[in-house]
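Below is a structure I'd like to ask you about.
Each chain gets a letter, A, B, C and D, in the order it is written, and its residues are counted from 1.
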Amino acid sequence: MATHPYIPNSVPEVRDAMLRAVGAASTEEFFADIPAALRMQGPLAIPAPHLSEARLKRHVDGLLRKNTHCASQLSFLGGGCYQHHVPAVCDEVNGRSEFATAYAGEPYDDHGRFQALFEYCSMMGELLEMDVVNVPVYDGMQAAATTVRMAGRHTGRRRVVVAGHINPDKLAVMQNYGRADLDFVLAPFDRASGLLDMAALAGLLDRDTAALYVDIPSFLGTIDDGAALAAAAHAVGALLVVGVDPVSLGVLAPPASYGADIVCGDIQPLGIHMNYGGGQGGFIASHDDPAIVMQYPSRLFGVVPTSVPGEYGFGDVAYSRTSFDKRENGNEFVGTAAALWGITAGVFLALMGPQGMVELATGIVQRTAYAKQRLARIPGVRVTHEGSCHFREFVVNFEGTGLPVAAINAALLKQGVFGGHDLSTDFPALGQSALYAFSEVHTQEDIDQLCATLEKVIGQ
Amino acid sequence: MATHPYIPNSVPEVRDAMLRAVGAASTEEFFADIPAALRMQGPLAIPAPHLSEARLKRHVDGLLRKNTHCASQLSFLGGGCYQHHVPAVCDEVNGRSEFATAYAGEPYDDHGRFQALFEYCSMMGELLEMDVVNVPVYDGMQAAATTVRMAGRHTGRRRVVVAGHINPDKLAVMQNYGRADLDFVLAPFDRASGLLDMAALAGLLDRDTAALYVDIPSFLGTIDDGAALAAAAHAVGALLVVGVDPVSLGVLAPPASYGADIVCGDIQPLGIHMNYGGGQGGFIASHDDPAIVMQYPSRLFGVVPTSVPGEYGFGDVAYSRTSFDKRENGNEFVGTAAALWGITAGVFLALMGPQGMVELATGIVQRTAYAKQRLARIPGVRVTHEGSCHFREFVVNFEGTGLPVAAINAALLKQGVFGGHDLSTDFPALGQSALYAFSEVHTQEDIDQLCATLEKVIGQ
Amino acid sequence: WDEPVIFELSQPGERGILLPEVEPEIARAAGQALAALPASMRRQNPPRLPEMSQNRVLRHYLRLSQETLGADLNVDVGQGTCTMKYNPKINDQLARQPAMTELHPRQPDSTVQGMLEVIAKLEGVMCEVSGMDTVSLQARGGSQAIFANMSMVRAWHESRGEAAQRDEVITTIFSHPSDAACAKLVGYKVITIYPDADGYPDLEALKAAISPRTAALVITNPEDTGIFNSRIREFVDAVHAVGGLCVYDQANANGLLGIARAREAGFDLCHFNLHKTFATPHACGGPAVGAVCCTAALAPFLPGPLVREKDGCYQLVPGGAQSIGKISSFAGAAGIILRAYAWVMNLGADGLRAVSEIAVLNNNYMMHELLKIDGMSAPYAPGKRRIEQVRYSWKALCDATGVTSEEIGFRAADFGLHYWTSHHPYLVPEPATIEPTESYSRTDLDEFISVMRHIAGEARSNPDLVKTAPHNCPTHRVQGEMLDDPERWGITWRAYQRKLGERGLA
Amino acid sequence: WDEPVIFELSQPGERGILLPEVEPEIARAAGQALAALPASMRRQNPPRLPEMSQNRVLRHYLRLSQETLGADLNVDVGQGTCTMKYNPKINDQLARQPAMTELHPRQPDSTVQGMLEVIAKLEGVMCEVSGMDTVSLQARGGSQAIFANMSMVRAWHESRGEAAQRDEVITTIFSHPSDAACAKLVGYKVITIYPDADGYPDLEALKAAISPRTAALVITNPEDTGIFNSRIREFVDAVHAVGGLCVYDQANANGLLGIARAREAGFDLCHFNLHKTFATPHACGGPAVGAVCCTAALAPFLPGPLVREKDGCYQLVPGGAQSIGKISSFAGAAGIILRAYAWVMNLGADGLRAVSEIAVLNNNYMMHELLKIDGMSAPYAPGKRRIEQVRYSWKALCDATGVTSEEIGFRAADFGLHYWTSHHPYLVPEPATIEPTESYSRTDLDEFISVMRHIAGEARSNPDLVKTAPHNCPTHRVQGEMLDDPERWGITWRAYQRKLGERGLA
């Protein structure tokens, strides 16, 4: 093995001099404690490397060329990961070497990291109208799973009622994550409206209920009446936990305003590329109630004065909550998650400002409404919850066309269009339906083109 | 016009408050000195803007998609701009906000800029084995034009003999740039060897000759005997000025070693993307002879001690040479040129190190030699200067195929190959010939594919 | 920079970016699209975000970045256990291309063949490096991988009807806090083994702890002390003998690539952190990937979706009937997977082995030199070599001068270096964990050593200088007690402003 | 950072990057490919470049970058004449894509239709902004554009057989040094007009200077004083009357977009710096573009190649028979052209006008506030507004305290600000040229003003503090006299080392 650019001391002369300095004959000596039976006998059987950066790049670019991506196609996929325009400044900031390669420094050497994350939390706090926001967890699903555990610890109860129009993946994460200490019950939603069945819900909530968990907007794009849900949950002493699309908060009320106790969601839509699902990041927020704050497993950063008057410093709030401090006696666990996306979302919120967030959400509502009208006009196509309001997404039913969603999507793909997410497996009750998502990336022409392509596809 | 993100004080309230502060009724007042006859009467007639970043990006991306580029095709184009692998660290450094947006700060606030450029010059000095290297000028052509003017000033003579196998564009730049004070004469080259005709050259050099200018390797890839040229030039008291491909210096002798007085060239191959010709940058180098140094028009940075022992500082050497200091009484002129590419080339040289530069150049020589052999075997195809040594490029003659280069290149293009640069216009004496260039980006498979495609194209 | 908090930079009316126009026909058709919603579901006031020009937003964050000491900027060997190594820029460049960033995770498999191939091939590498049979890259961090492993342990015992009986997990105090925490989270009682006099996990204590109630052993090796536990196979065999599973926390495997594997030591499950051993950037704390590896016996329990190849085509298939379900969204942090793949493909088998050999050489060189400093020691196993890191103790220096390890870290920041004490609890008094990795040259290591020596000297000659550090950082010693006081902590600017107004602070 | 010179970081044997392998068959076939060359043409020893790992190279340059005060990092209004404005990151992002960076300039036109369209459309914008008829974007900087313009002046007179007779170019002392230098370079005698008592170029002096020998007038307006010369049309007409051409140096046109143009003032030629008015990054001093604009009469003299559209297809055509030939390689700095195009397309006509209106507002606000500082003045045209910048004088402060403008600049660096005196010669004593552009908020301007006020205060209370600045920069006051001493200057590290060895330095 020649000297490798990533391994400076692989220079033979240097390596040998260092071995001499420590009095070792070879690096084998350092592994003396590893019994022979545990040692690998041959080299690792992995593919031959591309040692030069030039050939490595060519190899990986060749792989990536096998992908087709949403910047070159027309995509209407959503369902938890959303295509938005990512401001160049977001990429610039998260591409900075300093942020990209920092990790766990102290509040002094990493003052900027602490401040950037504190500011992210603070801006999320304004969006959510809540005083406490955590440093990001892995994704919105993890955030949801943690919020109901927080509710469980806070209330000392086991039962969690989950709105039935939840992303089934999210439900799976919550169940696996929580089931040692929580019992999950699904609340049904109305077929016609796509909204929760309030009567059924009332029957499910009881004095053992720790939390009612609901996504607003729901996985299907519908918008339940939060105040009614809050009343129902609070009536039995349960917490209302709301999962929210942060982009929707430019037009929808922050859950705190209608009584949510804990709010969570995913920050991916806030200036983070989709990255095949690698752009997710979870947030959790609440009021500044110490009893709730002490239930967070995540890191919480706080601003404090320093020894120099007028200067700000930052640090960990109530560190003793965490598994870092208390191992199994801390709350859940904490580790490396999605901090860089938190910083990025902060940049996004600062760029957008109040007016930008309102315009972004309003534009999406308008495009969604327009798309609903246009799609509903296509013969054989039905907007499933047409009478309800939607944010960003809605369910489109294709049964009238006689074609399964899979066939329609395959035909759309041939025309350079990624059709909506096929719901027929996860929500068989919805029949041959797909979830279509819209954002500010779509022009009227794009939506019209979708409809024209669908008409053509269906007509064939 | 709403508030624009690039123009903070376009906020109406702020603008009005500032107007009040300075006692102006409107911004019109500031233009009071501009006579009405000189004022534009209507708005500028330019295309409607894409005000949002999202739509702007989509618009520009749409334009760029109309391009086909060398990373997705197989290209054998050269002739002054070369495809190489650009190390990611080069892009990282020249993409740093600090370097990208710095300009003309003092050696204190911009210490890093001065140091990075001084180091670039110093590493070029090692490559060239010369003690003086300038901060980059626009491109290699400008560098060549300036070197012969330097020679003219230094010798007090007007005549410049230019090797005939020069890039005709470079000759055009030199002539327009120098002709007020210099007379240019072309020295012919031998048809069979592609090397300068030494007998003819001797006849052109005289006591009025300021400089013999020659590119080594030549535009046609051939390599003249520098020592013989130096002897010929020096015999009449002229300077030998050599234009050099810096990459070639991993295997070819630095011109200083065979007697060149001034050396110049283009740094684009040193870690800078081609950018449709936007990656060029010119260097000029010489020995540390004050009589020569004082002829430079460019900025020269020097290292000096500071008031703190052991600390380095930097500054402009002999600033009084420049037009910044002396206007028309300085040397030529100086202005914004290609400094960022200088920094980038420095990064490249530091990454490559001695061994990297030797391996890079050696590999190119080998690929070039292999390609010569392979191409020469194709029926109807002839390597024009087959008996000579080449670096990176050579002339391929297609007369035996009965097809013009234009037709061959058009056919290659259909197969995803950019064929060599068509020389038939600029060098009619070479007949239907093209200049083929090779570098480390080419694998054996690429060269074999070129040959196979050519055979197919010619056979049709 | 003396950069304000971002809210202080707000100027009403300024915009950072503009949104695409809504075409008139859309606006007309949409009308009041949300009019049917209850008024309480409509936002009444725009969020009180800062209003800033784009230039000012950028300047703010660039300045904050310069106030952050990334691994790229310093000799980052003082952040032990974290495997701070060089994260090649080419990998970032590759991963920041649209063919990676603009992929939607629900795209048809046929349109993401390159991505799926990368996942599949990196899974193969992980199999080989661990000796395990199957891998999932879905976990978005090391702790989540630990959690996945513990979930699989639970599912395994459930599948065998032993879930009720097996309610204990054994770990060691020098294993990562998340090993204990995740075991607890999935419902286990945690039994923690402490080291014996030589610093090894106490085998006798383990033997006393195991029983038919044992669900699993979760253990690191080498532990954070850097000492390899030669008797690891005996630990594993003992746990297997009572029907428990063995889980190997290989978050940091930087000393063992191509040297020793989980397979040969008999483990059932293990995990790697791609952001440690496999050189993906730490990113201020994620995004990241934890590679979950297991034997064929445990494979049915892996989370879905899984990548499968068939006739050269890759596809995502759901987890099986016994799958623990989902661990995180979609197929995980794909951009990180791509970076790690590129790193491995640049090094190959020889390169990976060189990584470990040089990382271990660097560590032993560092230990050799640091132990020359008066006041520093490396507890346990005297005279033994270490693998990839060492847990040191400044106890002697602290006893002599009153300067603590934490204060040494604050002072190290003045010299542009990171330095970390250790995970809690501080079993080793005044601990420091130093891990040089393979990325630093001898000159770099010598620089770090000289700073440590210098600070140790200051502790003796001018302890106040160290005790009041930092002096040369963007900020000064914080009033830390506020952070534990519910009346005074300020987790967001709005909370801080409110509390400041309500009762003053500081 | 106390970052060494890069050669001091060299460790023999280290590699920063590896090269692609040469396939054995190629190596075999190539043999000793250069054996036929004279030995003197073969390099004997590898170049003595530093040998460094990739990590160390990166760390070195990242640290140097942090020691560089880019416009992105500071309120960059003190660098007058340079039009330091916000360079939007989106434009960089667009220009750093392979469809831009990986274009070879000799590619067939059919494969670069997007690029050619961008060039053609930006040329159209420049035509409209200047009122001129034709544009070339080939020049790689403002000075090269001036040179191109002067070359065209020469070619024009040559084409009319008047070259021998017309050997004088007239310019003004407040026009850019390159205006005079380029005129000289193409062979003209330079006549420089000085300002009259009010700071305007002296019209009487011009009238005295013009003659049948006049080839051209080259002039800026407003000049670096920021004062618009209302009588510019009279200047132009007078020169035209004697058969000379008029060249407008609009390197900085930031106050005049959509307000006033070269056309209406009667000019024959003008140029813009895209890296000033059109917001492309200054890049430490290039790459850059100077847009050469001319009337139809001058168009035949433009350098080739030129972009032409035909039936929606763009093509490059060579310059015409009267063309001055080439000014630089290929079609110029295309990546810069793309950035400027994107900038214009984001702003449109209203936006460009807003740029100028606010730049001028900012400048007049700045002047209004700065003139409140005791010791600062704005010579000439008292009470008049300025356009986009102002040339100030600290003469009163210097007379009172001995602190010079240059020293104020060194002290400003301690506050993280750029500050530039002015071009030589210092016609205005102790000059400072401040140009706030449209990119800075009132708060930013106030910050700059307060620093100026603070330093002026220091000059009076503690002049030594200012005279020994900088105190808070990466380095301290250099021993500048060495830079003008051939025995001691060190333009490369090898020269410095040699001289250090030969005779010691410092």
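Points worth noting:
Following the convention adopted for this analysis, a contact is a pair of C-beta atoms (placed from the backbone, for glycine too) under 8 Å apart; a residue touches a chain by one contact, two chains touch by 3 or more.
Chain-to-protein mapping (UniProt): A, B = Aminomethyl-transferring glycine dehydrogenase subunit GcvPA.
The model shown is predicted, which means the values in this text are computed figures rather than measured ones.
Should one ask which of B-C and B-D has more C-beta pairs in contact, the pair is B-D.
Note: centroid distance chain A to chain D, computed from Cα atoms, is 46 Å. Centroids of chain A and chain C (each the mean of its C-alpha atoms) stand 19 Å apart.
For chain C, residues that reach two or more other chains under the stated contact definition are 11, 14-20, 53-56, 58, 62-63, 66, 72-73, 86, 88-90, 92-93, 416, 439-442, 444.
Counting partner chains per residue, chain B shows two or more touched chains at residues 4-8, 14, 51-54, 57, 61, 65, 71-72, 85, 87-89, 91-92, 95-97, 351, 440-441.
Taken as a contact graph, with one node per protein chain and an edge wherever two chains touch, the assembly is complete, since every chain touches every other chain. Here chain D touches chain C in the complex through residues 1, 9, 11, 14, 53-56, 58-59, 62-63, 66, 72-74, 86, 88-89, 416, 439-444, going by the rule given at the top.
Residues of chain B touching chain C in their complex: 2-8, 11-14, 51-55, 87-89, 91-92, 97. The part of chain D that touches chain A in the complex is made up of residues 11-21, 53-56, 58, 62, 88-90, 92-93. Here chain B touches chain A in the complex through residues 5, 52-54, 57, 61, 65, 71-72, 85, 87-88, 92, 95-97, 351, 440-441, going by the rule given at the top.
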